[in-house]
Amino acid sequence: MTKALTLADVNVTIKGSHILQGVNFEVEAGVVTGLLGRNGVGKSTTLRSIVGLVPRVGSIKLFEQEISGLKTHEVIRAGVAFVPEDREIFSTLTVLENLKLAERDKNPDYDTVYNLFPELLKRKSQRAGTLSGGQQQMVAVARALLNKTKLLLVDEPTKGLAPKLVTEVADALEVAAQATTILLVEQNLPLIKRIAKNIIVMDQGVVVHSGVPTELENPEFAKQMLGVSGGSH
Amino acid sequence: MEIFITLFITGFGLGALYFLVASGLSLIYGLMGVLNFAHGAFLTAGAYATWYFTTSIRADGSLSSYVISLFIAGVVGALFAVATEQILIKYLYDRHIDQALVTVGLGFVATSAYLGWFGSDPLIVLPPTQLYNTVQIGDAFVGIDRFLYIGVAALVLIANFLMMRYTRIGLIIRAGVENRSMVTALGIDVRKAFTFVFFIGGFAAGLGGALATTYASGVGPTLGDAFLIYAFITVVIGGMGSVPGTAIAAIVVGTTQVLVNYYVQGLGDFVVVMLLALVLLVRPQGLLGKVAH
Amino acid sequence: MNLLPGKYRYVPVLAMVFFGVAAFTPILNEPGLQQTFAVAFLFAALALTYDLLLGFTGLLSFGHALYYAAGAYGAAYAMARWDWGIIPAGIFAMVFATLIALFTGATALRVKGIAFAMVTLAFAEAGHVIAVLNMWGLSNGDQTLQLNFDSVPDFFLGVNNTRNLYLLALVTLILIYVAVWWLTQSSMGRVLQALRDNEERVSVLGLKPFNFKLIAFVLAGVMAAFVGVIAVIVTNNANPVMGSTQTTISLLLMVILGGIATRWGAVIGGLIYVVLSQRLTTLDTQGALSGLPEWIGGPMSEPAFILGVIFILVVMFSPGGIAGALYRLRMKFGSSVK
């Protein structure tokens, strides 16, 4: 298997708290990998450490390229796109300005974006701060899909969304998965089962398990690893 | 009434000068979180550049020499500002308090360097004779230089607006004021925008310095420091990071100061600082500043 | 944080004793030098009161000079206009400064960080304006408010008594040092430092951060006012510069230069700052800089230039100032000495 991303002994300390304590895992290229775990075990910090938004120590490889020494914008330009947990769209900018800001390629792929989210085309002149939560999430995902990327990092894209919107975001991620590798932090286990090929489970700042989504069918496993009874369904 | 008109336009003109200093301060703070205490030194540098150019290079007293000197003052202010960012600020990335302290030190150093180079007495800068003319409005006669300050500040405001609205760097600055780290997470090297805001901020301050030599009839080492305090007040009242807010606040501060000072010498300065305290207490983010979420 | 380990604890005491004795020996016998050091002691004391805010409470004020000036002007005014003696005038000045500090502090502390710095700057600037423009005939403007010589004992007057002024300033410094030491060691001092480090944690304990900060602000202001009263005796006047933003900024420089939140760092910063600025000027008038080209010699003759450059270097390369640098040296070499 080709590895799109390899983390080796990644440590993050913020204000004296040792949040990531030697994280090791690999992400298979060309598929969706789910990054799971209870709240506060370091999933978001892991994604932020990959793009250099938190100070990190250790080795992070994007395919063959070592990126742990790069600054955030350099990591992104190396072919990574990041959809952060709280969307972090620019509320004073219009939808179109939000997208324009994210342009890196010569020919950003607005067709795909507007096909997936026709709503954004309709509202392109609207201030992003006035959008609904779901629409803001579309902007955040759309920003990541405009350019060709080697790796897409997505942090809880369905958090707080209505079921219909969850489906829409999931569809978008599936389309994106046809062209790139996705590392997805997600609490919504049905969604993981639907689109992920592999899963990685974290606990207390380290990776405790790597496997496949079918393991989540086992209620004992889900309970032990994630503290949820997510096996049903 | 005629006195009121004269005073009001004079205050408006002073506000225009404040705006030139404050717009850069506001953007630098909004984007980088740096309170730039060296900004007054940029202004003074521009003022001395004007003095040098109009007394030693083209001392013909013509309007064209004056206009050229405005431009040169802007460039001098901009280069000083960019050097500051590249040599001092850049290496203290994300150490906000240290960045502010370094600018305090630089302001200190610059003022004393000016003192060593040019002496403590103000050097006289004679504007071209055209600026001595007055314009009649109703029964009031107003010095034409006031309109020059207002005109230049208006140009800067418009240029700023166009730049912010229609250029990519403007887009990056607006986004950066809101959420800097997300801008870098879109693959943008936001440090280039830092250098850029120092450039335009320094240019506006240098321009303000050139005009201040006309307003104050000359330039001394502490010219910029005097403007800096009121520019700070303007920025805070207007809201950090908001150029339109800064423009409104500059007019309020300038006119209040001049009008009240006319009736009680010194009370205008007093009223303005009290106005700052009041605004901060009622609306800590300033008139149009970004609201902390 | 106390950077002085046990065996160095007596260094400040020894230094003060040295300065006390030195005034009676040829080392520090000359009135000009004594006057310089007297002013230096007062600024060191003032820097200490500023460090109580900045270092020990985490409040960045740009208006601390206001309370220094309030003390100086309050005392000078009571002596000059009402013919009061120095003691009642001094008490009046400190009550006056307390009221101002209470009002301005309670107002400014409603906001935080840069906004707080700006509000304090504004209040101080307002006071400065009153002093400069001699509003309501209070201050005599740039003419300065002169010390009423009838209000102070004779042994504080005249060049012959400079040594007494020197000792008065030294005692003032010692008093302020002890007061700040006592305050920062007290349980309230520990609350203040906890506030500086993590305000929420203190609020969770049910303590009101605002009250503690206000107390610290007022105490620092009152101590600054006390120094102001003494400064009127030592320098024979109260002048507008005392209340200027420049004065506060020089206090900031002193504290950062010496080392924040260490107490003796502020003292060293204050001493170095004042002595250097006075002596560098002398250096220039003696022609030490005459060999240099004008473009560099000009600024070099301005003490503030060199002090500013040193300050920038300290901020960039030696966080923690002189105290921090000594501390790192000891970490590097000190353990082997032990």
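We call the chains A, B and C, going by the order they appear; numbering starts again at 1 in every chain.
By our rule, a residue touches a chain if its C-beta (ideal position, glycine included) is under 8 Å from a C-beta of that chain, and two chains touch if they have at least 3 such contacts.
Computed from a predicted structure; not experimentally measured.
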Graph class of chain-chain contacts, one of line, ring, star, complete, other: line
Chain pair with the higher count of C-beta pairs in contact (A-B, B-C): B-C
Subunit A and subunit C: spacing of chain centres that average the CA atoms, whole Å: 53
Rounded Å distance between subunit B and subunit C, as computed from the means of their C-alpha atoms: 31
Centre-of-Cα separation between subunit B and subunit A, whole angstrom: 43
For the subunit C and subunit B complex, residues of the former touching the latter: 60, 107-108, 110-111, 114-115, 117-119, 121-123, 125-126, 129-130, 132-133, 135, 245, 249, 252-253, 256, 295, 297-305, 307-309, 311-312, 315-316, 319
Residues of subunit B that touch subunit C when the two form their complex: 29, 35, 88, 91-92, 97-98, 101-102, 104-106, 108-109, 111-113, 115-117, 229, 232-233, 236, 240, 264-267, 269-270, 273-274, 276-277, 280-281, 284
Touching residues (chain side subunit A, partner subunit B) in the complex: 51, 53, 71-73, 76-77, 82, 84, 88, 90-93, 97, 100-102, 104, 143
Of subunit B, residues touching subunit A in the complex: 168, 171-172, 174-175, 178-179, 181-190, 290
